[in-house]
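One structure, as structure tokens, below. Some questions next.
Just so it is clear, A, B, C and D label the chains in written order, and each chain counts residues from 1 on its own.
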Amino acid sequence: GPSDDTLVVAFSKALTTVDRLYSIQREGLILSRLTDDGLFFVDPDTLEFEPLAAASYTWVSDTRLDITLRDNVRFHDGGRLSADDVVYTFRWVLNKDSDTSRGAVIRGWLDSVEKLGPLKVRFNLKMPYPMALRDMAISIPLRKSGTYDDPRGGDQPLNGIGPYRVKQFDVGRRIVLERFEDYYPDSPKAGARIRNMVFRVIPDEGTQQAELLSGGIDLMMDVPPDVADNVSALPGVERLEGNDIRIGYLTLDAAGYADPDSPMTHLKVRQAINHAINREAISRYLVRGSARAIPYACHPRQFGCQADGPRYPYDPEKARQLLAEAGYPEGFSLKLWAYREKIIAEAIVSDLKAVGLDVDLRYVKLNVFSKMRNDHRMGAFFASYGSGGTADASASTGVHFTANSNRNYSGDEALSKTVLAAERTIDRDERRRLYREALNRIAEQAYWVPLFSYSQNYLLTPALSLPVSEDGVPRLWQAAWRQ
Amino acid sequence: MNMTITESVGGNELTSEAEREQAQLGLTPGQVAIKRARRHPGLLVGFGILLVMALFAVLAPWLAPHDPYLQNLSLRLLPPAWVEGGQWSHLLGTDHLGRDYLSRIIYGARISMMIGIGAATIGAIIGVTLGVIAGYFGGWLDQAVNFLVTCQLAVPSLLLIMALVFVIGQSITVVIFVIGATHWVFYLVVTRSATLRIRELDFVAAASAMGCSRLQIAVKEILPNLLNQILVIFTLEVAVAILNEATLSFLGLGVPSPTPSWGLMIAEGKTAMFFQPWLVILPGIALFVLVIAINLLGDGVRDVTVTNRRS
Amino acid sequence: MINYVLRRALMALLVALTVSFGTFALFYFATDPAQTIAGEDAPQEMVDAIREQYGFDRPVSVQYVDWLGSVLQGDFGQSYFWKQPVVELIQEHAKVTIMLALLALVVTVVIALPLGISAALRPNSWVDRFALTTAVSAQAIPNFWLGLMLIILLAVTFPIFPVSGDSSWRHYVLPAFVLGTSSVPAVMRLTRTGLLDVLGSDYIRTARAKGFTGYRLILRQALRNALLPIVSVLAVQLGHKLGGSIVTESVFSMNGLGRLAVESIFNSDIPTVQSLILLFVLTFVLLTLAADLINAWLDPRIRMG
Amino acid sequence: MSTESLLEIRDLSVAIPTETSTLRAVRGVDLELRRGETLGIVGESGSGKSMTALALMNLLPPAARRSAACVNFAGTDLSTVSEKELAGQVRGRKIGMIFQEPMTSLNPVYSIGRQLTEAMTLHGEVSAAQARRRAIQLLEKVGLPDPASRLKQYPHELSGGQRQRVMIAMALMNEPELLIADEPTTALDVTIQAQILHLLRGLQTELGMSMILITHDLGVVSRAADRIAVMYAGDIVETGTTAQVLNDPRHPYTRGLLECVPGYREASAHRLGSIPGVVPSMTGDIRGCAFAARCPRAAEECFIDSPPTRPLGPARTYVCHDPEETRSRSLLEGHDREQTPVNKPAKESVLKVAGVSRTFSVRRGMFGKRKSLRALDNISLEIRKGEVLALVGESGCGKSTLTRTILGLETPDSGTVTLAGRPVGALPPRQRARMIQPVFQDPYSSLNPRKTIGNIIGRPLQVNQLGAKAEQRTRVRRMMELVGLPARVFNSFPDQLSGGQRQRVAIARALILDPEIVICDEPTSALDVSVQAQILNLLLDLRDELDLTYLFVTHDLSVVAHLADRVAVMYLGEIVECGDRDTVLTHPKHPYTRALLDSALSIAPELDVPEPRLTGDFPNPMNRPAGCPFHPRCPLADAQCRSRAPEVEWAADGTLVKCWRAGDAAGAFSQLSAGQTPENWPDPPKINKEESAP
């Protein structure tokens, strides 16, 4: 609370490490935005990729990027950031043996890094890659040269350059941060107001609520809308709501991977399912807030998410009719797989049952889900994708429809080519065109049932002011106490 | 390893003073049991409640005011009718998807009983078979069974069940089989020791002297003497299975949504339990009443069928 | 006796191996741990890289033998999910669970023994009836539900105890009570019937004929005999509490072994699951062994045959 | 002996509420006991003997309620004394008690020493050391060798007889004035029974105690008691001195009981007498005489009015209407057996046991190693067509194991059992079943409680698929008639039958397959004498009728004398003597046989408890003595006996003996009867033998 200038935040899941290079959890991302800076960052308002530790950058060619660093950036241990550190960081990530979480992704496009001067670095790409800045912004925090030489790490849990430094890390319990007073003042993230932050691991939502009410924590994130409604009605709690770049969708086994004779291979069946689900009601009553039904396979805020293909309004009658036309007047049995938002999955099941399908909801954990999905053993699944906070269709449409993706159940080679092309092009107009083509194709073929975009709910003590961001990742360095 | 489940279940003391007394009363064991049952309040109450709940379960389609699966998103989270904001058409309110809570609770009785009886039956089949085999044949078979029991006991059963359900996948059948397959130790221990005792009795020797095969002896001579005890354990295991299912569903590894299982309903209501407490309280009460009724019945059956020793 | 202990230890080992191989195979065939490790939105390259890095693409027998080999060398491996040596992980979580289990055992003993004893001393009296009612009700209350109700009542409506967590003694009150009451019925009934049996036995009649009555009869003649089954059941209950505090720990969000086990299962964190199973099995076997030894010490018949 | 009265009981009643009604276990008992006197209470099982004894000390089961006009013990009225005073002053101090079950009456988890000394230290007036000294002294007195080291032992380390000695010592720790012994020898072997009775008798005289000796064995009371009270259905029906009651019984029940005892009248020439029916349980209102329903002399009044107490002299009464009109009616419908099949010409053998041995491997205790237990040791035996071969021996000597082996239920380690020329093991079970059938000891466990009587008897037919259903039913009914079972029990469960009826069912089941040989393993040892008599009569009748061959296992020599043609005596898994009944019983050659005969107590009020010739207990078969297995207990044993096991020998009169000194034995015994003690007879227990005759 304000009295000890300490913001206590609840985490639902425990972080296993505070090093972003070795974690992919969302909690890690939130934390990393406090403790680490990359060369770039995602502007919370525009969702554009802006220089952070970098002072400036230039695309020398389609595959060559030169970056100049700021000269006043310090690590938490006091050392200054230099080109050597950047080169060390990226070489470490590129090195296969380092086993960083993002290594595989970065290796996919980055060929090499060279030092051009004390504050100047050059990146050589393997191919034109429009998402290079995104990857640097989101997944590669800068590390001091030699950080990983000692296999056990130093005595400090983390030596970053972010506005906060890690003071204490109890695995599975809590993480204590302290404001880093030597943070470079010209950073867009400069000017942190709160001195201490504590992240407590409280897996249970009910517990989080109780703790919030009793003052044990100041901020709760990812609050289910019902809870947010209920709790915010109580005195002493404030509710904040913001956008989230995450979208929910249903994938249908159009390619017939799981079962070549699956009804899902019929276009009319897929269209029927699209018509059967009341996305409006689900987003209004269940997702709520700024959530909206989405017509295409991407988040409307994403670059390239513009299309004019067919839309499928809620129309159960039409759905039944289409089913009958496809040869299933009596419906058929179907296993719908899901691993999150059970309530929404149930609502979908209920809608599908209403048009005569016999749906068996298989709600499982992610590791089971992905095993089944990767083995192409699902007839239909409900999933969501957060695009890693990236406001670009490559992160949604691209990821789901390239030929070698396990998530791709369309079996559509041409479509795959289109999205791949869009990922290899720097030219923004060309990219827009390619995505429109792809999205229209997906809509025509009804490979997906795009459902809705999400919204983020926060619960906090009234003493706290917190600007909400557009990508759903809270920007805690901007948090402050109300006077 | 020692058998460690030692709670006594109606042991047949084959010789006792009181039996002689019974003999002079001229009642069959069944008649005696019924006579005692009539004066056993716990058993009567348990049986009564159970009867009502079973009726509800069987007649659910006619008794439930709504379809338990029918969602109405605009009527979500209504409180019970008597609470402000409630509606009389939804006596006990609605859940997250606007489904009628009363109907779901009524259907929940079905699920619970089905799973309870199913799982207890499977457990009984496994446990009794193994118990009789181990007790009657002894030797390495006994050792093997003993090993199984140790495995079963040494791993926390809930953990085992969760792992199995997790890996196999959630469905009512899986839950029944997994709970059943992990709840046979009690049957086994009791039937094994009873078999060990009975196999030494002279009527077993008489049976083999008249040319009965071992199988005939196990099935025709020994098994009938275990039925009382099996019945008692069965009732108690039904209760255990019901609680297990609820716990599993509560932890998210029981029957799949949207099946109206009480445990699942509690789990779903849990996030809102400080604001819509009835979502948690009502299924809990239903569960409690059902289980207590079964336990009362089980205890009662034990009391009335136990061949009395010197009191 | 050494022989006996060795035999038991061997049995424990066999059990642990059997069970752990079973789980290993199950997980291998049904889940994709790489995805959990990588996370929900992880790009496919990442998942594939992880799969290769951890060797999940090797045949199950190879993976198992590999694991077993390192365990035999005292290395319980690195948790996939927590990226921490499993041994450390277990040490951290064990504190909470051991504390909880012991407290729960205290609760059980404090409630069950006096109830059971007084019920046995006056069969069919109101004490007996009260004890029986308690037992029947406690048996029927779903454990997790009791926890939730207590939270609603004693942590929210009347905020006497914290809702959750494990950082002070006050955090342990409700969970220990919940976990403790779960074994009250069994222990109480056993105490009651055990003591009743003993009190009805011939040697107690002999003692009475010698002039023993009242508390001296109970303490000096009956108690030791009645204790025998109780020791066994308490050992089993303690074993189950150690391993099985899953529900309580998740209701009260305590960071103990039960929760660790559940999360490891959910995340297919096989090294952790395996090591936990090993731990549970050994604990259980050790506890029952201890109970047997205590019983042997209490009862010369067991000791000397 | 003083004539001062020590205990006077007036109108003692015990009622036990049961689920359905109230059981009146004791109904207005009057008793009197003088100092130094032994009162024997006899009666069949369930007649209320134990309840009477327990009521004295208020040790009744919690549910039971006691009432009495007065229980005057040495000047205090025990019926009004508080529980505290009773526990502190009377129990264990003035009245000691010994119970029936030595196996369960000692606390298994405490050492003998502790249990003995606390009997004294509990009352707080003696030091632990004093109590210890006393314990050692008493253990010595009751004949436990090396008493000091015994104190550290636990009950399970002792044999039944030793435990009973400990119980006796415990009861005597505080030198009580009255010792109540409730069936102190019932659970023990005859040889041990003799030792214990003798010991009790001696101690009583030495310490000047009074004693109440409860038993159902008329032989025992006849020897050990000064006065007798006969109890029936909760009431004393006849009292008097031992000689008076046994020589001149007045109550029809007493007379009936006596007639039932084999050997009471001259052996085997007669059918035994019998009392029809069973002891009724006394619930609800009781009208008339409780015995009326079973009494051959019952007249109308017996069913209506309570019988009057008729005094016959000082302390001699009986409670009976003694109706005039039936005075002439004989108690016995018993008729002499038509033919006495003794010494029938030996026919061909139908069953041959040749060199059979059987060893079990048993583990004792949790930490123990497996040990081998030799239950049968090279046994050879032959059963001839139509004869009754009796097999006698102490408990644990392997009798049942032998019968099970003969039945093919147990496979011998070596040796063969040949049935009709073929080894039993090779016979298909069903064929074997039709030739040989068992009747077991315990009528309660030998019938499956979940099956109806008809079902049980017909089961062998079913299993062997003999005849159609209807035919099977008729055969079952015929069989039931034959063994004297009422047709109405066809659909009853075993629970609803009395012990005697159950045993009849077992017999019917054995006979329905028409076997040649019936193996009876102690078929009457769990039954009361009156029922035993019925069963023995039935077995003999059936034999004559169906031309059966019996192997009759028993430990009761009077039963042997009553029905056997030949006798085999077994000791520690070996047959030590085998021959014609008369030869064996009148001229025993093996010292063990001789000892058994000595220990058997026939009804003889004029005789005292015989001095036991056999010391020590039946050895644990796991530690078989080297040499002759009997030598540690044998009065005649010499170096040869200790080192080498004797071979089988055939005496001139056709008896088989296994003893080095069989030849000498006959001589030694005849000397003994002349009152001389050979050198190597051990000294009898050191107790004062100056006792007055009753």
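In this text, a residue touches a chain if its C-beta (ideal position, glycine included) is under 8 Å from a C-beta of that chain, and two chains touch if they have at least 3 such contacts.
Here the structure is a predicted model, which is why all the values come from computation and not from measurement.
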| item | value |
| --- | --- |
| Selected interface, B-D versus B-C, where C-beta contact pairs are more numerous | B-C |
| Distance from subunit C to subunit B - Cα centre to Cα centre, in angstrom | 22 |
| Whole-Å gap between the CA centroids of subunit B and subunit D | 47 |
| Computed distance of Cα centres, subunit D from subunit A, in Å | 89 |
| Subunit A and subunit B, separation of their C-alpha mean positions in angstrom | 46 |
| Interface hub residues of subunit D, defined as touching at least two other chains | 61 |
| Interface hub residues of subunit A, defined as touching at least two other chains | 206, 210, 213, 365, 368 |
| Subunit B residues counted as touching two or more neighbouring chains | 166-167, 169, 270, 273-274, 310 |
| Chains touching one another, given as label pairs in label order | A-B, A-C, B-C, B-D, C-D |
| Contact set on subunit B toward subunit D in their complex | 12, 14-15, 17-29, 35-36, 39, 201-203, 205-213, 216, 221, 224-225, 227, 307-308, 310-311 |
| List of subunit B residues in touch with subunit A within their complex | 69-71, 73-74, 76-77, 96-97, 166-167, 169-171, 256-258, 268, 270-276 |
| Of all residues in subunit C, those that touch subunit A in their complex | 30-33, 35-36, 38-49, 53, 81-84, 89, 92-93, 151, 155-156, 159, 162-165, 250-253, 255, 259, 266-268 |
| List of subunit A residues in touch with subunit B within their complex | 205-206, 209-210, 213, 224, 226-227, 230-231, 233, 278, 281-282, 284-286, 342-343, 345-347, 349-350, 353, 360-365, 368 |
| Touching residues on subunit B, where the partner in the complex is subunit C | 1-2, 4-8, 42, 147, 150-151, 153-159, 162-164, 166-169, 239, 243, 246-247, 250-251, 263, 266, 270, 273-274, 277, 280-281, 284, 287-288, 291-292, 295-296, 299, 310 |
